[in-house]
Amino acid sequence: MNAFAAILRRDMLLAWRSRADLLISLAFFVIVGCLFPFGVGAEPNQLRAIGPGVLWVAALLSCLLSLHRLFAQDYQDGTLEQMLLSPDPTVLWILAKVLAHWLTTAVPLLLITPLMALMFDLEGGAIQVLTASLAIGTPILSLIGAVGAALTLGLRGGGALLALLVLPLFVPVLIFGAGSVDAYLSGTGASAHMLLLGGGVLGSLALSPVACAAALRISTE
Amino acid sequence: MNAFAAILRRDMLLAWRSRADLLISLAFFVIVGCLFPFGVGAEPNQLRAIGPGVLWVAALLSCLLSLHRLFAQDYQDGTLEQMLLSPDPTVLWILAKVLAHWLTTAVPLLLITPLMALMFDLEGGAIQVLTASLAIGTPILSLIGAVGAALTLGLRGGGALLALLVLPLFVPVLIFGAGSVDAYLSGTGASAHMLLLGGGVLGSLALSPVACAAALRISTE
Amino acid sequence: MLQVTDLACMRGDRLLFHGVTLNLEPGQMLRLAGPNGIGKTSMLRILCALVHPEHGEIRWHGKNILKEREAFHADVLYLGHAASLSELLTPLENLELMARIACHRQSDDKACEQALDRIGLGERLDLPCKVLSAGQRRRVGLARLFLAADKPVWILDEPFSALDVRAVADLAETLDEHCDRGGLVIYTTHQEVAFRTPVTTLDLAEYAA
Amino acid sequence: MLQVTDLACMRGDRLLFHGVTLNLEPGQMLRLAGPNGIGKTSMLRILCALVHPEHGEIRWHGKNILKEREAFHADVLYLGHAASLSELLTPLENLELMARIACHRQSDDKACEQALDRIGLGERLDLPCKVLSAGQRRRVGLARLFLAADKPVWILDEPFSALDVRAVADLAETLDEHCDRGGLVIYTTHQEVAFRTPVTTLDLAEYAA
Amino acid sequence: MKARHKRLTLILGGLLLLIGATALVLSAFRENLVFFHTPTEVAEGKAPTGRTFRIGGMVETGSIRREGVEVHFAVTDTARSIPVVYSGPLPDLFKEGKGAVVQGKLGTDGVFAASEVLAKHDENYMPPEAQHAIDQAQQAAKTVQQ
Amino acid sequence: MSTSESRFNLYHYAAPQAFYPVAGKLAPIFAVIAAALTLAGLWIGFFKAPTDAVQGEVYRIIFIHVPAAWMSMFVFLVMAFWSAVGLAMNTRLSALMAQALAPTGAMFCFVALWTGALWGRPTWGAYWVWDARLTSQLLLLFLYLGYMALVAAVDDPRRRDKAGAILCLVGAVNVPIIYFSVKWWNTLHQGASVSLTKAPSMASIMLSGMLVMALAAWAYTIAVALYRVRVLILERERHADWVRGELTRLGEAN
């Protein structure tokens, strides 16, 4: 647990030191979100209909944008090598990094989501469902994304390649996440969607660190 | 002109070296475009309404993703220092880098935009306007983005806050770019939007390399 | 203690060296020598299980290091070419992180500060590593040596580069001490450095393909 | 030729050195010496107009280098700590790019290939620089010296680091030749290297604040 | 030994997570995740009001009625049926007694205003003669029952 | 420190070398089988099989759509299998097999999507709907593309093999989702006509045409994979003596 705590602490510290980076991905989320009322025209019905989808897409993209930073810096300065040499199990500190990524990128989005949702004229219950779906769904994005980030480490065009690799796996999350709000609004209730997302979290929590560890070992070889 | 040609050639070579790269950033554009139907639902009327906006956002994102790499690599390995030591004027080779960036990332997108627009069920005239607006608008993104990229090099705190200012600069481009299609469809004609975008290109062509050069000098000091 | 059998290393499609067989005992100091690009760095990375060798195996206390990776890593300290520093963190923060990751016996604030002091960075504790000079960055990494007395195997890739003359002598003394207490030091360098401990030299050029 | 007057350098809120006054003539070789972190790299970067000094000025042929930046840069070759290589390009492509950017007199394929050959990278021409060893990467940068006979001022930051013994001797010879033909060499190093040319040493420790 | 212990705990933890994941996913499938709603669900008020959604079922036999460009028909799942109005091209396979999925809004008058009509067929493939034979058999069975 | 005589043999993994000639012998056989089965299948499908009672003639797309759809899923599973073998046993050949299969799988995936869309227009009334079956199949295509892009982007052969293998294993979760999507969700796409647990709900002559075409797709896949793996082996081992010999032999043959 030594390495887990140390790396979690360090990554949070680094995030704090370069707050501007965090602000950028938050600003990105806000801007993508704000853009649609401009681009689509502000007809309330239409806004309400596309709102959850747009916010989910914005969150997904903003996660994607920050993913390539997950290991890149450590890889370049050799810290990653040192982490791989830790006597602690690799999956543990990978979880620490992913957790730090989620805390620093997704949580700020979660906090601002209700505000953004108001912009799309969503009502209270829908906002709650949307925020909850984001809260359960974004860890999946971070976990799966970590595997992609590890695989594309050091490859040219890494950012775009990463996007290509993980987007197919992100899409189901997006569908169920955005779908949950629809389901809620349509009266069928969002619990099935939430359960699926929850299953996704547990499943990716079990599998992705292992895949990620293997990918990191290959990438640093 | 020595440095201009050499750097343009090198950046194109780097892009060519991994031919797959062009395909990858295209795939990224395509996938981001496809994401919105996933998230928003696929009702044809709605798709048609959000189509231009979505494609503009996708283009902007794919530009943004690659902008990050514009100077970062050169900065880290010290090539940027060597470029600043060139006896040729700095603005010249900055233009070379921006041009290479535009050629390798924006132009492929332009080529595939009509296809993507068909996916959103846009009609012929609208597709032409959309492609034209992208062709005029994307150089502005590259030019403004370059300043942001230069400012964010290595600096944090104040400098990175300035970088945040760059993102909002993209918004007007987006509004006028996506708006041009709406204007065309509503019958008012897109020429006003195009003229504005054209003015934007010329303006940023004049100002951004200078700002960029200054920013680079500060960043490497 | 550390047994290397018939080791071969391949990079891309080029065979760098092959047939390296070694048996290293406690207290020994091994220098990998050879011209640039012969494969010294590659060999060190194989020795600490970061890279799979093309052929051959390495045993630590009789166990294959690739199979018992975590147990082996508990006994190894590796300092590579790169400094392994986070640019935005201070030397102290960096050192603490590294010590924690590597599970050094001593990894608290106090011990780290002392280590930095001994390596000559006592007054530079509050600067981000980004602004340090080349030699100072190197020293932050080397400070780990003072925390890692309990790790028997030290694997160091060009530890002397960028250090000034004083620092080189100090470092040599530290390595000597490690050997005295029964540690094993494997290093590369292109400089001539004087040690008290007798140095075994392995010239990789002799094993080149 | 190169006149340095009352130079002072400040990093962050720390004054590194001050009061450095120098007058360098053709054929001279200047070594900046001093312990780690004293400000050698900072001084070299000031000397080639990458950084503004805190105080004092530098004149090249009587003209302030910060004012006549482009003219000065036409006469200077600077090799920093970092290798300045694009990881994905081959040594040849990298060298050609650098030669073009710096407007070296010779910058065609032929000349670059010869330069790489002389520096000992003749057979590694088709590999991306990413996979080269530390010494080989350093050599790619140093190959520029063979193309830059026409640039009078060479400013080199630890050019000998990572080089093997043979390469160090060769490089020393190259620097000597440059001085012979009236060039000016300013360098730093922590290693002891023998030159034919008499070396002026500037110990920055004497000017430290 | 300690390392092996750690590894074992990790593997156990992973397995537990996987079991949890399967449990969640399975219970999710007991709730419904749908491309379309059935008429019964609509009748029970489980379908959205005032929003676009899809209903799926059979086109009720004898319900198709054309009025100018508008087509009226009913979609049924044998228990309930919903009247639908639609104007636009219909797929070739749109027939009485066959499956269909219609997208649109439920009006306040209980009529579903469709914006899109899709035909849904089943997994049976057979030549017309066989189909004919089956139809006759079913007809016979029905007559017998009556 | 002995300079002991090395027993090292650079190309000690004989597998690729041994497999190369075997593949060379098998590939043409499967190619011939594939051609024969395709002809037979098309003949049954277009001349022997009767018109469908509901769909009329258009249902004949089934003879291409279903084999392609089956193959596209199956090939990904096979790639995942080879990937697992490669990661677990460190055999070189298995990664090459996975890489050789990918383009064929992507091709079938694309064909399934394309024919499905063409078929959807006359039957459902729409080329495309976002139901679970269609969406997950589209994602399969993206996964194939991602796999090929990743493999193309990595230079180092060892890293290429392993990175591709990991992506393959991760992506394989999509395949059961595709297959069971029609069961789990209400989809516009029909349910399974053929399954192991119940009798096929399809006239037997139609079924036999479809199965023959499916066998043809198998044979084709095997043949193409074998041809491609031979090329990959040559490329991978281009510095080995036997490859040099083989290349000169091929050169002379031309």
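For reference, chains read A, B, C, D, E and F in written order, and residue numbers begin at 1 within each chain.
Methods note: a residue touches a chain if its C-beta (ideal position, glycine included) is under 8 Å from a C-beta of that chain, and two chains touch if they have at least 3 such contacts.
Please read all numbers here as calculations on a predicted model, not as lab measurements.
Novice: Of the pairs C-F and A-C, which shows more C-beta pairs in contact?
Specialist: Counting C-beta pairs in contact for C-F and A-C gives the edge to A-C.
Novice: Call it same or different for subunit C and subunit D: same when shared residue numbers make up over half of all numbers used at their interface.
Specialist: Over half of the interface numbering overlaps between copies: same.
Novice: Per-chain Cα mean versus the mean over all protein Cα atoms: which chain has them closest together?
Specialist: Here the chain at the core of the arrangement is A.
Novice: What is the distance, in whole Å, between the centres of subunit A and subunit B, each centre taken as the mean of its C-alpha atoms?
Specialist: Comparing mean C-alpha positions, subunit B is 24 Å from subunit A.
Novice: In angstrom, rounded to a whole number, how far apart do the mean CA points of subunit C and subunit D lie?
Specialist: Chain centroid spacing, subunit C to subunit D, equals 30 Å.
Novice: Can you work out the whole-Å distance between the CA centroids of subunit B and subunit F?
Specialist: 38
Novice: List the centre-to-centre spacing of subunit E and subunit F in whole Å, with centres computed as mean CA coordinates.
Specialist: 32
Novice: Two-or-more-chain contact residues of subunit E, please, as numbers and ranges.
Specialist: Each of 3, 6-7, 29, 32-34, 52 in subunit E touches at least two other chains.
Novice: Spell out, as numbers or ranges, the residues of subunit B touching 2 or more other chains.
Specialist: 14, 17-18, 20-21, 24, 27, 31, 38, 41, 76, 156, in rising order.
Novice: Residues of subunit D touching 2+ other chains?
Specialist: 81, 88
Novice: Going by the contact rule set out above, which residues of subunit D touch subunit C in the complex?
Specialist: Against subunit C, subunit D makes touches at 11-12, 34-41, 81, 120, 124, 127, 131-136, 138-139, 158, 161-168, 190-191.
Novice: Within their complex, state which residues of subunit B touch subunit F.
Specialist: Within the complex, subunit B touches subunit F at residues 18, 20-21, 23-24, 27, 31, 34, 37-38, 41-42.
Novice: Considering the complex alone, what residue numbers of subunit A touch subunit E?
Specialist: Of all residues in subunit A, those touching subunit E are 49, 87, 89, 91-92, 179, 183, 185-189, 191-193, 195-196, 198-203, 205-207, 210.
Novice: For a test of understanding, state which residues of subunit F touch subunit B in their complex under the given definition.
Specialist: Going through subunit F, the ones touching subunit B are 128-130, 135, 138, 142, 145, 149, 152-153.
Novice: Touching subunit F in the complex: which residues of subunit C?
Specialist: Contacts found on subunit C: 6, 8, 10, 12-13, 15, 18-19, 21-22, 52, 54-56, 200, 202, 206-207.
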